[in-house]
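As written, the chains take the letters A, B, C and D, and residue 1 is the first residue of each chain.
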Amino acid sequence: MVQDDRLLEGEEPSGFQKLLGYRLVEWQEGRAVLELASEAIHTNRAGLVHGGVLTTLIDTACGFSATWCPFPGRVRRVLTLSLTTTFTGQARGGVLRATGLRRGGGRKIITCSGEILDAAGNLIAIGEGTYRYHGGSEHPEGVPLP
Amino acid sequence: MVQDDRLLEGEEPSGFQKLLGYRLVEWQEGRAVLELASEAIHTNRAGLVHGGVLTTLIDTACGFSATWCPFPGRVRRVLTLSLTTTFTGQARGGVLRATGLRRGGGRKIITCSGEILDAAGNLIAIGEGTYRYHGGSEHPEGVPLP
Amino acid sequence: MVQDDRLLEGEEPSGFQKLLGYRLVEWQEGRAVLELASEAIHTNRAGLVHGGVLTTLIDTACGFSATWCPFPGRVRRVLTLSLTTTFTGQARGGVLRATGLRRGGGRKIITCSGEILDAAGNLIAIGEGTYRYHGGSEHPEGVPLP
Amino acid sequence: MVQDDRLLEGEEPSGFQKLLGYRLVEWQEGRAVLELASEAIHTNRAGLVHGGVLTTLIDTACGFSATWCPFPGRVRRVLTLSLTTTFTGQARGGVLRATGLRRGGGRKIITCSGEILDAAGNLIAIGEGTYRYHGGSEHPEGVPLP
């Protein structure tokens, strides 16, 4: 498995990524996969993985799927316009795996879908997102890292 | 402002609530308000409040709006079936305020809407959720705290 | 009540509007209201108003709310990027009234919410939409009618 | 291709199905496919297939995917709780093909996803729906036709 720090080379994970602890384990044009080893910090009042954790994984996997940038020292960014999540199962813990895929769109707007499987391969959630590129990020070469 | 620990009396905040740090500041039948003092831990790669933080606040505010329980030592629980969020603005930090309202549904299924304002009163996000009561939680008296 | 043909002056209703029979009864910057006298042609297999009728009304009311154009002979157009609908009640017939409101967005992208009431004032559905202006339609003066 | 009237044997198509003209062309447990030969009656003000047509097809294909009933003279029914649609492309006419799949859920609540392809195989829209069975329809044998 490719390491997160290789995938995000040169770029620090976001504050929220560090807080939740998910890792980017696959990343290519139009596709990204995250993994999260879910723990007590991720649970809701009923002891299940919080819906907000699942929506975050879908949003993030979709966003990464639209921002693959193979050029060292450069990065692409999107802004989420809308996000939906349908909870198809219940996440009782273990490693969750979220896949985001770019499904359509044009030069500035991208549409994606995502899904989350638990460690046993059960489908936990599906979702859709619409994203807009930040200026400069429409192109594969993106913009320089800050 | 009513304190969170009064509102959730007898019940420990969830793991994810403690991790993110939002507080329940108003709670009544069909309505709940959360506040979050957003920080660097809540940000995405672009330095804005992560979409997953906003979806979490909407999901949680809506869920609380459906589970007010005025009976000491008792609690009500819902399961999120679906959640949508439309990002109407950008959250650049400060205190975010999320309101959830029950809008319809029946005995077992409840539908809610939510919105988030930033400290300046700008609308940051709107959302909708569909929820199902856990067994026993359909009634205002809910179930005993574990 | 202002007549539909006054509101859409110079512009023919769309094919789908004529098929369904809804009427634009209020239209101003950031807000539009449609009415539909629901009939047997609008029903699903269970005899209720079809969910697709309700999603159409929300999409259309929201789209009109973003395309008010007070200039004679000119028009504004949007493309729907995403749409959500939460069914808060059941529509058993009668006149349905759908309101669309612009809630946020920027120069090219607009976010809206909508809701539908039945003749008794019951809330039947709520929804959210994200829209993109066609070229030229970002401005209030829009583009010439074809 | 199996004929619509075979698939819906004994049951009249709904009023809205007859109005729009879509046909059920595949139907089995957990999966349904509809086709619509799009025409001028299905278009929006810009001359494209109206978003409401696409949301209707996704809602309907998903609903059928949850209500396959192999028992003659019997039928199953669902109520849509929520529906989302993300428009991944633009439908300029021709035959549209909508597929609905059941993705999860339990005894009373079902979650589905749908997608629409145009005649050239381009992805036009994706969507998700949450449904609740009417009483008696949880079971494959459903209820007697009225």
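Note that a contact is a pair of C-beta atoms (placed from the backbone, for glycine too) under 8 Å apart; a residue touches a chain by one contact, two chains touch by 3 or more.
This is a predicted model, so every value here is computed, not measured.
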Relative to chain D, chain with the most remote C-alpha centre: B
Contact-richer chain pair [B-C vs C-D]: C-D
Inter-centroid spacing, chain C versus chain B (mean Cα positions, whole Å): 30
Gap in Å, rounded to a whole number, between the CA centres of chain D and chain B: 33
Approximate Å spacing (C-alpha centroids) for the pair chain C, chain D: 23
Touching two or more other chains - residue numbers and ranges from chain A: 81-82, 84, 86-87, 111, 128, 130
Chain B partner contacts - residues on chain C that touch it in the complex: 82, 84, 86-89, 103-105, 111, 113, 123, 126-130
Chain A residues touching chain C - in the complex, by the definition given at the top: 81-82, 84, 108-109, 111, 128, 130, 132
Touching residues on chain A, where the partner in the complex is chain B: 11, 14-16, 18-20, 39-46, 50-53, 55-57, 59-60, 63, 75, 77, 79-87, 90, 134
